[in-house]
Amino acid sequence: MNLTVYLAGQIHDDWREELAKQAEERNLPLTFVGPQTDHDRSDAIGEAILGKQPSAFYRDDAASAVNNFRTEVLMKKADLVIGLFGEKYKQWNTAMDISTAITLNKPTIIVRPESLIHPLKELSNKANVTVETIEQALDVVAYIYE
Amino acid sequence: MNLTVYLAGQIHDDWREELAKQAEERNLPLTFVGPQTDHDRSDAIGEAILGKQPSAFYRDDAASAVNNFRTEVLMKKADLVIGLFGEKYKQWNTAMDISTAITLNKPTIIVRPESLIHPLKELSNKANVTVETIEQALDVVAYIYE
Amino acid sequence: MNLTVYLAGQIHDDWREELAKQAEERNLPLTFVGPQTDHDRSDAIGEAILGKQPSAFYRDDAASAVNNFRTEVLMKKADLVIGLFGEKYKQWNTAMDISTAITLNKPTIIVRPESLIHPLKELSNKANVTVETIEQALDVVAYIYE
Amino acid sequence: MNLTVYLAGQIHDDWREELAKQAEERNLPLTFVGPQTDHDRSDAIGEAILGKQPSAFYRDDAASAVNNFRTEVLMKKADLVIGLFGEKYKQWNTAMDISTAITLNKPTIIVRPESLIHPLKELSNKANVTVETIEQALDVVAYIYE
Amino acid sequence: MNLTVYLAGQIHDDWREELAKQAEERNLPLTFVGPQTDHDRSDAIGEAILGKQPSAFYRDDAASAVNNFRTEVLMKKADLVIGLFGEKYKQWNTAMDISTAITLNKPTIIVRPESLIHPLKELSNKANVTVETIEQALDVVAYIYE
Amino acid sequence: MNLTVYLAGQIHDDWREELAKQAEERNLPLTFVGPQTDHDRSDAIGEAILGKQPSAFYRDDAASAVNNFRTEVLMKKADLVIGLFGEKYKQWNTAMDISTAITLNKPTIIVRPESLIHPLKELSNKANVTVETIEQALDVVAYIYE
Amino acid sequence: MNLTVYLAGQIHDDWREELAKQAEERNLPLTFVGPQTDHDRSDAIGEAILGKQPSAFYRDDAASAVNNFRTEVLMKKADLVIGLFGEKYKQWNTAMDISTAITLNKPTIIVRPESLIHPLKELSNKANVTVETIEQALDVVAYIYE
Amino acid sequence: MNLTVYLAGQIHDDWREELAKQAEERNLPLTFVGPQTDHDRSDAIGEAILGKQPSAFYRDDAASAVNNFRTEVLMKKADLVIGLFGEKYKQWNTAMDISTAITLNKPTIIVRPESLIHPLKELSNKANVTVETIEQALDVVAYIYE
C-alpha cells in the first residue's frame, strides 16, 4: 500500500532529502510531496509569473498566492503529513500547514527539537504524534506497515 | 444581529480589552471570546487540574490539552475570528488558531505589524483581510453593519 | 419561525427596499441581509480601511477582500438566498454569490428578466426556483408559511 | 503525479486546445476535462435527447440540465480548476463554475484580461491566483512539479 | 428543550393535526413543520406563481420546484423527522424526504401500517425507529424528555 | 476516463443487462454496479446468512440490513447514478437510493415512463435529468465523453 | 454563554446528579442532557413502545433503536461531551458515545479511575482531556468561563 | 472491484489470518488492513520510538498515540469495516474503532458471540449488520460480488 506524505516545514536545509533517503533504505513505499524548497524561487514566484509588483508587500502577496495554490493541490493528495520545526525563523507556514492538515483530519506527525516543546505545546497536543528526529518520524510511519 | 468574535493571538498585553472597549464605543453588537489571557494560569492549568506532572514536558502537555479544549468549544461558537500577531514570541498558537479557523471556513481577519509582512505572507493570503491595527480590524467588522 | 434571507444581486436600484417593504406588508417574519449597497462605498472600502493602494488593481483587490468578508459572515447566517439579476452590468458577483449559496446547500431563488433566460440557463437549472419579479420571489417564500 | 484539470470558461475560441498543446510541450502530466465546447451542440443537447420542447425557455432548461450533469461529473474528478473569462458575452457559467469550484475547495486559477479586473474583483479575491494569459496559468500549474 | 419536528408523509388525511394535538396533551415542547397539506394548492403552486405552463408535465415541474424549496428550508430547521406512510398512493415524496433526512443524519422515525412492512424494509432498516401508529411515534419522541 | 455507474431501481426485468449491452455497443468506458437483482435471493439473504428468523417481519429486517450494506459499499464507488422506475410495485427502494444519491451530491439520472410524471415530480425536480428510456439515459452519459 | 453538555457513561449510580449539583454550586451556566438513566426503563423501552418481541435478542434490538434515537437527538445539541467510565460492566455504550462525539468534533472529556488507564489508553489519547473525578471534569469546563 | 477491509477488534488470537484465508479460498478480491496484532509490540511502540517514559501512564499514552496514528491512516483507506468482539477483555478499542467507522459512514459489520448481545445492543443497532462468525461476515461481504 503506497502512501503519499506531505512534508511541511522549513526549507533551509536538506531534511526532506535525508528523510526520503532513509525511507528508501527501509524500503517504505512512500511518495513525498511538499512545498518549493528553493527559498529564493519561493519568494520570487509571484513576480516570476505575474511580473514586477509595486512593492515588497505586493511581491510577497503574489508569491504567497502561488505557494498556497501548490500546497493546497499537494496536501489534498497526502495520506499523512510530517511537519518539521527547526530552531530558527518564524516558521508560521509550518504551523499553518500542520494546523490545516489536522483540521482536515490528515494524520499528522510533528518533528521538533526539545527546545521548542513549550511554544509548540498546543500544536503538539493536536497532532497525532510528536517526535524529535526524522528517524523517529519514519519509525512512526514504518509502524503502519508492520 | 449579534455576532460572536473569537480573539486569537498573543496574551502579553491588553489588546483584547482595548478592542472590546472600542467596539463598545462604536455600539457594535459583538460578543468576544478567546483563550485564557493570564499567561501563568494558562501554563499551569494542566497541573492545577491533574496534579503535579513528572517534568516540564508533561506539564506542558497537560496544560495544552485543557487550553485546546477551551479554544475548541469557543471557536465553534464564533461567527468570525480576529487574530493578532505581535513582534515578540513564537506565537505558533496564533498561527494554529487562525489556520484552524480558515480551514473551518470561519471568516478571518489578521492584525499584524508591517515588520511581519514577509513571514506571515502565506497565512495572510489565506485569511480574508489583513490589517495593521485593531482599529482597522473593527473597521472591517463594522462594515458588516453598514 | 423567523427566517434570514440573503439578498444577492445588483446594487444599482432600490429593489431590496422594495422587497423588504412588500414582505412587511405581507407580515412575513423575515430578516434581510446582503452586500453593501452604496456602490461608491463598496468600491472604496479597501482604501478607506487600508489606505491608498498603488493602483486601481490593488484598490480593487483591497475592496473585494472586505466585501467578501462581509458576504461570508452574512451568508452563513442566511436560511435562504434570493439573487436578482438586472439587464445591465456584468453582475459576476451575483452569479458568484448564488453559486456559492447553492453549493453550500442554501435554498435559492433567482429573479431575472425574461431577456436573461438564455445566459442564465445553467445557473437557473441549479437554483431551486427562478422567477421574474420580486413579488414572485416573495410568493415562493410566503408559501413556506402557508 | 498526474493531475486532472477542469477548464471552465468561454467556448468561443480554441483556448483549451492551445493550453493543452502548451502543456504537452512542457511535458506536464495533466488530463484536461471541461464543458461541451461545440456551442450549438451545447444549446441543442436537451432537445436532442428529450425531444422538441414547447418554447425557447424549456429548450434552454432541458439543455442546461444535461450540461450541468456533465460539469458535475467532471468537476468532481478535477484536482484543480482553471477558469478563463474573455471580453465578450455574459459568461455567467464561468462565474458559476469557478464559484462552485472554490466553494468545494478545489484549487482555482482565473485567467482574465486586464479590462475585466474591476467586475471580477470579488471572484478573483476568492480564487487562489488570477493571471492574464494561459501561459501564466500553466506557469502556476507547472510550479507544482518543480 | 424545544425540538423542531418535520412531519413528512402523505397529505390525504389530518394525521399531522392529530399528532400535534396529542403532543400538546402530553405537554411535549415540540414545534411542527412540514409540507403544504392542501393537495390542490400543492399541485397548483407552480402555476399560481409562475403562470400557466405549456402542459401537465411543466405544471408539475413548476410546482415541484416550489414544494422542494419549502421542504428544504424547513427540513434544515428540524431536529428530527417523523415520516408517515399510508396504504394508498405512491408516496415517493415521503420516501424521498425520509431518505434525505437519514442521509443528512437527522434522527428519523417511520410510521407505517403492518401491510407495508415488506416494501419499506430497506428504508425502515436505515431509519432509527419504525412504528405503526402516531401514538408510538410520540412515545419515541417523549422518551427524549424522560 | 472510466466512470462507475450505480444502477438503482426495479429488479423485475433485465433493464440493467440491456443498458450495459447498449453501453458496450457505444464503447462507453463504464463500470456498472447495483443491487442484487435475483429477487428471491434478495429477500432471503438475511436468513441465508443469519438463519431462520421468528417471523416475516424479522426475516425482512435481516435481509434489508445485508441489502443496505451492499448498496452503501457500491454507491460510494459510483461517479453517477441512474435510477429506473417501472409501472409496477412500490419501488420505495428506488426512491430511497436516488434520494440518497442526490443528497450525497452524486450526479443522478431518473428513467421513468410518462405515466409516472406526476407522482415522481418532486424527485425528478431534484435529480439532474429525467428521461423516459434507457437509451436517453445513455445519451446523457455519452455526452460526458463528447 | 450557556453551554449544553452531554453526559455519556454508566447509569448505575447518581454521578450525573452529583455533577449537576456541583455545577450549580459553582454557578456554571450549563444545561445537561444524557441517556435514560433508569436502567430497567432503558432495557424495556423497545417493548414498551413496540410490544412484546419474540426473544431477548429482538427485545434488545428494539430498545437499542429507541435509545440510539434519543442519544442522537441530544448529542447533536451538545457543545461538549463528558463521558464517565466506572470499574464495572462492559460500558461499550460509553465508548461508542465518546468515539462518536470525537469523530463529530465535539470537545470531549473522559472521566475514568486510575485502574482503567491501560484499557482506555487509545480512547483517552483521542479525547481532549482525561481526568479521574467529576470535580476535575468540571474544573476543565469552568476554565472556559475564566 | 477490489475492496479494502479494515479488521477492527481483539488481537488475542489469529482470527484475522483465518478470515483472510477463507476470503482467499472464496476468491474474494479483498485487501485487509488493521491494527498491530503483536500485543507486546502494540503496548511498547511508544517507548520504542520516543524512549523511556516516566511511568506506566505515560508509556500507555505514548503507545496509544502511535497506534491511533496507524489506525487513522488505514481506516481512511478502508471501503468497509469488520469489527470482532471476543468474550474476554474490555475491548474498548474495538468499540471505539467501530463507532468511528460508523460515524464516518463506513459500511460496518460486527462479529460477536451470542453472549454479548445485550452489552453490544446499541452498537449493533448502529452497525449495518451483526453476525456471530467470521464465515457469516464474509458471507455478507461476498454478497456484494454476487
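Remarks
For clarity, chains are labelled A, B, C, D, E, F, G and H in written order, and residue numbers in each chain start from 1.
By our rule, contacts are C-beta pairs under 8 Å (C-beta built on N, C-alpha and C of every residue); 3 or more make two chains touch, one makes a residue touch a chain.
The structure displayed is predicted, hence computed values, not measured ones.
In summary, the pair chain G and chain H forms a contact in which both copies contribute largely the same residue numbers, shared numbers making up over half of all those used. Separation between the centroids of chain B and chain G, computed from CA atoms only, is 31 Å. Inter-chain centre distance (chain B to chain D, centres taken as mean C-alpha positions): 38 Å. The geometric centre of chain C is 23 Å away from that of chain D, both derived from CA atoms. Looking at chain H, residues 65, 68 sit in touch with two or more other chains. All chain pairs that count as touching, in label order, are A-B, A-C, A-D, A-H, B-C, B-G, B-H, C-D, C-E, D-E, D-F, E-F, E-G, F-G, F-H, G-H. Considering their complex, residues 1, 3, 79-80, 105, 107, 109, 128-129, 131, 136, 139-140, 143-144, 146 of chain A touch chain H. The touching residues of chain B, counted against chain H in their complex, run 54-55, 58. Every residue of chain C that touches chain B in the complex is listed here, in rising order: 31, 33, 36, 38, 41, 45, 48-50, 65-66, 68-70, 72-74, 76-77. Listed in rising order, the residues of chain H touching chain G in the complex are 56-57, 60-61, 63-65, 67-68, 71, 89-93, 95-100, 102-104, 116-126.
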